[in-house]
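Labels run A, B, C and D following the written order; every chain starts at residue 1.
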Amino acid sequence: MPELIFPLDSTKSFTEQAKVGHNRWHPEIPPVATVKPGDSFRVHCREWFDGAIRNDDSAEDILNAPLNRVHALSGPFAVEGAEPGDLLIVDILDMGPIPDEDSGPLAGQGWGYTGIFAKKNGGGFLTDQFPDAYKAIWDFSGQTATSRHIPAVSFVGIPHIGLMGTAPSHELLAKWNARERALIETDPNRVPPLALPPEPDGAILGGVPESEFDRVAREAARTAPPRENGGNQDIKNLTIGTRVFYPVFVPGANLSLGDLHFSQGDGEITFCGAIEMGGFVDLHVDLIKGGMEKYHVGENTIFMPGRTAPQYSEWLAFSGVSVTLDGEQRYLDPYLSYQRACLHAINYLTTFGYTPEQAYLLLGAAPIEGRLSGVVDIPNACATVYIPTAIFDFDVRPGSGTPYRIPEGTNVPHASAG
Amino acid sequence: MPELIFPLDSTKSFTEQAKVGHNRWHPEIPPVATVKPGDSFRVHCREWFDGAIRNDDSAEDILNAPLNRVHALSGPFAVEGAEPGDLLIVDILDMGPIPDEDSGPLAGQGWGYTGIFAKKNGGGFLTDQFPDAYKAIWDFSGQTATSRHIPAVSFVGIPHIGLMGTAPSHELLAKWNARERALIETDPNRVPPLALPPEPDGAILGGVPESEFDRVAREAARTAPPRENGGNQDIKNLTIGTRVFYPVFVPGANLSLGDLHFSQGDGEITFCGAIEMGGFVDLHVDLIKGGMEKYHVGENTIFMPGRTAPQYSEWLAFSGVSVTLDGEQRYLDPYLSYQRACLHAINYLTTFGYTPEQAYLLLGAAPIEGRLSGVVDIPNACATVYIPTAIFDFDVRPGSGTPYRIPEGTNVPHASAG
Amino acid sequence: MPELIFPLDSTKSFTEQAKVGHNRWHPEIPPVATVKPGDSFRVHCREWFDGAIRNDDSAEDILNAPLNRVHALSGPFAVEGAEPGDLLIVDILDMGPIPDEDSGPLAGQGWGYTGIFAKKNGGGFLTDQFPDAYKAIWDFSGQTATSRHIPAVSFVGIPHIGLMGTAPSHELLAKWNARERALIETDPNRVPPLALPPEPDGAILGGVPESEFDRVAREAARTAPPRENGGNQDIKNLTIGTRVFYPVFVPGANLSLGDLHFSQGDGEITFCGAIEMGGFVDLHVDLIKGGMEKYHVGENTIFMPGRTAPQYSEWLAFSGVSVTLDGEQRYLDPYLSYQRACLHAINYLTTFGYTPEQAYLLLGAAPIEGRLSGVVDIPNACATVYIPTAIFDFDVRPGSGTPYRIPEGTNVPHASAG
Amino acid sequence: MPELIFPLDSTKSFTEQAKVGHNRWHPEIPPVATVKPGDSFRVHCREWFDGAIRNDDSAEDILNAPLNRVHALSGPFAVEGAEPGDLLIVDILDMGPIPDEDSGPLAGQGWGYTGIFAKKNGGGFLTDQFPDAYKAIWDFSGQTATSRHIPAVSFVGIPHIGLMGTAPSHELLAKWNARERALIETDPNRVPPLALPPEPDGAILGGVPESEFDRVAREAARTAPPRENGGNQDIKNLTIGTRVFYPVFVPGANLSLGDLHFSQGDGEITFCGAIEMGGFVDLHVDLIKGGMEKYHVGENTIFMPGRTAPQYSEWLAFSGVSVTLDGEQRYLDPYLSYQRACLHAINYLTTFGYTPEQAYLLLGAAPIEGRLSGVVDIPNACATVYIPTAIFDFDVRPGSGTPYRIPEGTNVPHASAG
């Protein structure tokens, strides 16, 4: 185990820890620790809602989840010698749920959750079809997840870091705020919103001095979207063995991370689609000096996935095109195409007795793949979703026989958005 | 070799063959042959432009490619007993370039091509950055492709059927025409167009009697987009060993296919991104009676990919978010995100001396993967493109050493759109 | 298709062809064609028994198979400039059954066979348990094989070249003959024999002049065993995309090949365990001058497997140790361990209603893997055999439910060794 | 984390622990704990030599390693309701080095070792070529191993349980002792010995009462070989996610385990070829009542490998046949063939500057594969060893360029056997 430079105590809240992290992006959040190129170190990460979601059979916690307080991030960690223009190499050496804590009230203590967020509190990919809040609890057995809310499935997780990124410069932050504000202003009252503006309420800013706190909180960017610095990319392949290259925008690079997932399908389609957990991450860092110019990288990450993602060789795949459910033709819209592909998969899974909510939550959490299969054949983009057949305890393939039916009587917790 | 029920003579044009196929969708195009459930059969397919693109070092043929005449499809093939509501099972038993014809003027005779279409003649995924016409010729050695126009790369192809589908019913055809016309009318003079309306000029309609030809040609849908019947999905995983399930909309199902590709990356991003070829396909068909209702399938294909796609275990991946090159924030737009990810990859590859056009054509043709990595983190969708590192003759990974440079002096054929 | 330099006419026997191959190893067999480094070319190959085994339901042909006449090899092909001490690079560009001949009396015309050879005529890996002759016929559908003699299984083949090698020098040939003769003399009347001495009866020697024929036939080595020159390695991974490096022992290298297999498990355990076929091979050759010394290669091949072997991700594996069925302890004998592991697999498969012969033939033909798992834990070597579960139409895994039973009434053809 | 039912304190020796394990097989060793079918539990395991091998640059510890004291096993664990004739299902949920102990004197505390044992103290697969003692120390970074003794290589480990098995019945134990004694008596003074008889010196027998200790110690079987009960199979695929089925020979099954490996190649060819470590294992157990008869399993394990073994897609493979280095022909001896294949690989690797000892130790530790490629082609068995090319920091493939040379000056610790 490399040196633990950001410990968390599971019995205390995120703001009561020895070292306090942050939940906004701002260049003035001071590093909590400094490492050298070539160093390895361990970081604890809190689950993104800091314990607000419980291991129970109610979805009220999802319905009322405090979105202003996410994501609980560990860091920033400064890297000695890093300067704007460098590429920061981050190797994910190891990661997993909270070590040696097999039970407890905090996601990561032997369990995790997937949520469908209500349309009025965050929404999600299929929020028009699923406007209420739902939840599934997953139990971990080694690398395998099962859920008491979704019978007859189990799968090997692909643990990954949902959110990791370098700090923005003041200039980059200003750019983010300007462009996102411009988008919001095109439809400021939309539910769910088009984007999230800076929000002082709930802001956690690490070691920002009190004198600067209010200003920084008003300027600091929310952590929901991925941006030039990496951020909340929710790429399921940022797993053990993966090497990520981050652009450096401030001296020291100031790397932060959090939002660990036990597993997730491409797209994290239920918004909180992954199996959310707290846990640990072991990282190794290095620098390519001047790497941004050398490799023509202006923004966003480059990465090389690890070698130990779960291997499946049989997939059932569903396709969709960019026509709305009402029959309206859209132009090369893979977002819509992927919605339609996912809805096709959900409809298909009801054949076996799953409710649409169970199927939707499963697609968010299992290691499905989402592909941009065709993006040039006007006017229809074609998107595809691939489900590994081996995650089902039964034969899920279409055939001439009688389809299996799961035992009746289970469903996922539900909270009406009223 | 199963019985050849649709032969093509490479020395004759598509309309001069013993059996004439079609290049439009219409329920009244009569079957050229009838098969039984359980049958296996061989079909020849002409490359999608019926030979208009040549194995030379000019891109004039791409610039002036006759888009009204695509796609040259083999079929329709009726399946005995198929009725609307059934699912048609199609197994791709085998496929490949034109057998025993290793050289000649027709793509598929030992070679294929990838094209970047000019903005004024079709366009493509990155048409604003690449408004002119370009072409790359690929030579086949067994399952491997190399190009005299793009040095220092070679890759194992993933041969697949770009376009396969069942015939639409009159009702479904009417729906297509109505919704696509409505889209076109929102910006009828757009270049490239939003969609392609029925076009009698260049229509090939198989055995439609002369008396009905003009009417059918005015009604028949273009083959460019994928739709409810499958169609031009351009899914690179419709390869040998793959099983596809098609909704049946007319008695007999009336399956047609064409647009064979030697290889392609997810998205077929240059529009003619695949390595286009003519060739042969061996199919096996069967039926799931009443399968659409039984499995809750209303439209679009379901498929199970084969087991022999080329295996790579090291990938270099690029990510993009939905912010335009001009810095405008868009809302959850994975089309834009994938454009940005592909542009990042193209920029990166110029490090090694490739021109942007070489890199763009390579991404279209090689077995890259395009993923919908994040579709819920407002306002930014995150898309990723994965390139197998082993397709390069050199070490393509970022590092502290001096990057390799390809030999100078090669480039792809270019024709200015003027 | 590269130039066909060794054509075979399926209607004629191996010795009546335009170019006549050979079935013995000898440095004086003259090349039938000469190629240059960098050349690609096509070769036809006859199935190893030149048509003696038929597509029927009798095993008499296996019982009486003319072992003196194998293997029918295509070649030798001389490579310009090759000299002793070089490494010959052979890329397998493509291969498959006899093109365009889907039916007929010759294995490779849409079908192939697997045989259990009788103890008195060749024997096999488990000849003490299976002393009689048996046969299974396999039908090819694209890349998939099924057998009317072994129900409820189908698998994607891994076509490969069973036998390929360079010609031995006189010195090397003399070494072979001396050491094999010495082995035979330790038990000259053993059934099956310990090794096969040179045998003029049935010898085919290509263009060896009549004046030298008898002498060469008396000297020439049999083709059964793999040796320093590669030869009958029966490595299932010598498939499409594979690169093999051969030591060169004579000027021109003089490469020969044959014994094509549609599929095979590691070990080819029934002796004729592969699915035998005739067919075509496309090769590309090159040289590493002085490569044997440069890379410290004195003998035997090095190879790099291709990327398109069928992918399976679920395996049922059986282990065995080096104790005989009678309970006698042997010392680190992985041959015995693998026999025991295979017998365990055969016993297991009888659970589902297979006869031992069906199971044995299946293990020879399907893409199973055989591993040397432990070779140091005295006194027991541990060998393991891995069977892909997806080749069965039913759930083959052990569990608490009732095992599936295959339909009764099928078995494999049998001929008693009397 | 499931309940820890067998804890080990790294600061104390194996016999001073709260619960004491064992290092011999005997039915009378009482269970240290009892679990129920369906239970999950955690077990600590000591490295096989209980700390005798140190993280230093001397091989004296290997030369004098106390073979009488291996393997330090955790258990036995009784399973409620298990009876002779059942199959015990063991799922490996998770495993790894000693948790939270990144440094220290015990293998598993952030490091592990591979040893070549001297011919006079254990020997190994190539003991005639390597009669002295050698050692390599490996450092763990997450799932990756590197060694200061073997430059320019790193690889993702495949952690696995080297030794796991159920207790033998008295009858089975008597059979083992009889057959192994018979083997020893054929050459009682052989060095290394043919097998290891019961040896009271160094025996650890858990809770066997003092009154019975001497008798049991004289009867109890050594743990070196794999046998009917599983045991020291050293199968590298008994990794996370793997399900193993064990025959049950005594009431309660009495499962024991140990000899954890961070990584290993097929064969564990240097005898102590794996990267040895102590660590933890999480298991889940269940029963198939009467499973031995139901599935025709008389002995030895069946297993289904997990899904997360490191994925490599490029391999360099070496072949060998059963001819001795002195040129003597042996009959179908894959042990010899695998020796020759491994020696070919070792010779090849010296091209790059590795010493033979470095290459040999690397083949033992890295995730190489060893295949029984041909076992019927008299008189030569063909064995093959596959090395993943990506474990090298340089291009290890044969070619026309100048081979890379590793930096001079490193070698592995050596202790002369005198």
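Criterion: a residue touches a chain if its C-beta (ideal position, glycine included) is under 8 Å from a C-beta of that chain, and two chains touch if they have at least 3 such contacts.
Each chain and its UniProt protein: A, B, C, D = Formamidase.
All values derive from a computational prediction rather than experimental measurement.
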item: Between the pairs C-D and B-C, the one where more C-beta pairs touch; value: C-D
item: Chain located farthest away, centre of chain A (Formamidase) as origin (C-alpha); value: C
item: Inter-chain centre distance, chain C (Formamidase) versus chain D (Formamidase) - centres from mean C-alpha coordinates, in Å; value: 32
item: Centre-to-centre distance between chain D (Formamidase) and chain B (Formamidase) (centres being mean Cα positions), rounded to whole Å; value: 51
item: Rounded Å distance between chain B (Formamidase) and chain C (Formamidase), as computed from the means of their C-alpha atoms; value: 39
item: Where chain B (Formamidase) touches two or more other chains, by residue; value: 307, 311-314
item: Touching residues (chain side chain B (Formamidase), partner chain C (Formamidase)) in the complex; value: 1-2, 40, 91-94, 99-102, 110, 141-144, 156, 240-241, 282, 284, 306-312
item: Touching residues on chain C (Formamidase), where the partner in the complex is chain D (Formamidase); value: 87, 89, 124-125, 175, 179-180, 182-183, 192-196, 224-228, 232-237, 245, 266-271, 273, 288-289, 291, 294-305, 307, 313-321, 323, 327-335, 338, 340-341, 344, 347-348, 350-351, 369-384, 386, 389, 397-400, 403
item: Contacting residues of chain B (Formamidase) [partner chain D (Formamidase), same complex]; value: 311-314, 390
